[in-house]
């Protein structure tokens, strides 16, 4: 930032961040570390009281909080028969440009399953806070982010036509809906796709993971309904 | 026919659009399978209510023989309700010999659902045509009153639009107002972020529509009960108060400085403390 | 559905659901609740929200084994201390990060420094505060909005900074950097010597640069699910987080200790520059020294006039303006602790904010009068409550 922020007390400009000596020894090996398998995370919804829906997805190193605001008024001067969706992702680890790109990717994915036509003239704002330790590339987190957003939307009472999900395999994060019969988005951080068959394998692996995630979400939602009933 | 599930999650298929209701026939006593039914089966047409959606569902996934069936699928988390309803207006009965029963299926999770028989349940403040809303007058001109919509009377209040969220309180204790920033959905800044509406002078009352003087009907700050005529343009909903039960419900005298006033007739309100009488288009308080 | 609009003339059967009434007429809704003896949140008048405090959870463990410690991934902002505070439905997450600044005022040699302290003594009355330090807080309140920071965020940050400075909890000395020296031995092994023992002190003082450094502490405070005023929670969370701060020890490589460079800029000026790279030791850290008796916690109160007419449903509302002050029996003022919720936030204009130590010392006290009269009894009551609250929170912080 070349303009100094005068609205907040940011401390002296000359101050330098704490620098730790680089550990050169086994850094090469660490990057080659096997990507962690999908771990069933803990889920909690209706966490925040100032948004319509919220959901936090946590496992030992990751904590992803989604908050859903809206449907609320837009400032657009045109009559919009369908609702507008915004996704904003906040994280200190990944560069903003990458987060923005992921945000617009997720908007496209969301538009494919949220019942937009029910909310004319309105906008739905999705905020995602990533509080994570960097384990992998951004794509590895997408299944968790998707899960958090979908459950947040359900919590907000926004009508969605299905419980979609996302799987991760071999740098591909693939989003599915309708029991895996439809792909609604593919995100790839890096690397070339070697050939069709390897991509096909990866697709199948992602699909399997999606079904697993869908099962988790469905179980969570049903148990939540049961809890409400007993109350 | 299978029974409906008790509760549903989004994406769950609830029922086909058309279903057969087998008449309760004592088939078993005959022991003869080919016995024709004594009664014709009733066809049930399910209509998608709130929280459900009609989708095409492939029943046979093989590529050679794929068929699609129209089914009702849930779009919400909640209990499943079904109600007998009349035939929808656009429905044409082609075959008079068939008995058709209409049932509306809806999914939801609140008391409002039961009250409205599954017709309206929504956590959002999205006014639709015909809804009665509560709004606050923000601006008056000769031709119209601008209002901001606070609540839709048949719906739950969304939790994300109070002072807590946007901190518009005059005393956020030890902190200022948070109203300066605006939601992402809003491209430019203005005060407030509620849905806005307009009551045009010809929509204030049903009689003497040309002689309406706006300032004698509403004052800024008044809480008004109104009905949505149309979704309007990009900015505003169009509202009307041309009904006995619609109009000002809460108002303070002296442009908000005085006490709360009460309607004495449909054109005036009085503050019992100071005795001030002001002109308003009041809602029938009874 | 209990709230029914009433009038002197006749009963109005127009009714609003409770939540809609609360939205369109929060003052009426609040008064109705208070007349029943509880608040809209169903708390008692002097009941605080429950607080859960977790410190150090998000702190990057600086004591972990070598391989786990890498260069800081958070853009060089290593988390030194943290706190997750949950009060009612509100989450406040505080992360404390650090930086190092070259201390210009003290960068001269020891003699001059002594003179400085003498000078300081002379002007002690005025510059008492220069002995103390603060952290640089940035408060972010998540409310589903983008764009510039809001007034509330700015004022809360500024208040936190000022209050912390004037609470005398952090001394300049506590933030002084005592750098060690990294020495590469003949057999290429590397070890770091800190000026802890006498022997080491000698070595380091030989190699030690003339310059002085200080740590700078930053606090990033994020508020999730705001339902009411946030200052108390931010302060308490910051206090708890500060107690968990571990400052990493720093060192200078011996090769860099006496580096002098003569820079000739286009043949005109010869400038002697000394540059040091202070590095942090990933394995060694010390606890931040806070002045224990200055640890304080904040609480807030509001005063509101009970509307006698809201109680008796047959009467209409009276305004404060219209109620004469001599009719003491008519208006009763009550103290509400820990203001929260939309109705309380909009309707209560008289507020008291107290920052107190558990031992009864006060660090900050502010009263804003508006609407309701704050009487001596109310003030005394709020002081008693704030002490209780403070010791209550301090127990919760210590438990962790």
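Lettered A, B and C in written order, each chain numbered from 1.
Following the convention adopted for this analysis, a contact is a pair of C-beta atoms (placed from the backbone, for glycine too) under 8 Å apart; a residue touches a chain by one contact, two chains touch by 3 or more.
All values derive from a computational prediction rather than experimental measurement.
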Innermost chain by mean C-alpha position: A
Of all other chains, the one whose Cα centre sits farthest from chain C: B
Centroid spacing, where centroids are CA-atom means, of chain B and chain C in whole angstrom: 44
Mean-CA-position distance for chain B and chain A (Å): 31
Contacts with 2+ other chains: residues of chain C: 143-144, 146, 148-149, 153-154, 226-227
Where chain B touches two or more other chains at once, by residue number: 160, 162, 164-165, 182-184
Multi-partner residues of chain A (at least 2 other chains): 49-51, 69-70, 88, 125
Parts of chain C lying in touch with chain A, wherever the complex brings them together: 58, 66-67, 69-78, 89-91, 93, 97-102, 136-138, 142-144, 146, 148-149, 153-154, 157-158, 161, 216, 218, 222, 224-227, 248, 250, 277-280, 282
Interfacial residue positions of chain A with respect to chain B in the complex: 49-52, 69-80, 84, 86, 88, 115, 118-125, 154, 156-163, 177-178, 181, 217-218, 221-222, 224-225, 228
Complex interface listing, chain B residues touching chain A: 7, 9-11, 51, 53, 55, 58, 61, 73, 75-79, 109, 122-126, 158-162, 164-165, 182-188, 190, 193-196, 231-235
Touch list for chain A against partner chain C, complex: 7-12, 14-23, 25-27, 30, 47-51, 54, 65, 67, 69-70, 88, 92-93, 125, 127, 129, 131, 133-134
Chain C residues touching chain B - in the complex, by the definition given at the top: 5, 7-9, 12-14, 16, 19-20, 23-26, 141, 143-156, 159, 226-231, 300, 302, 316-319, 322, 339, 341-342, 345-346, 348-349, 351, 353, 366, 368, 370
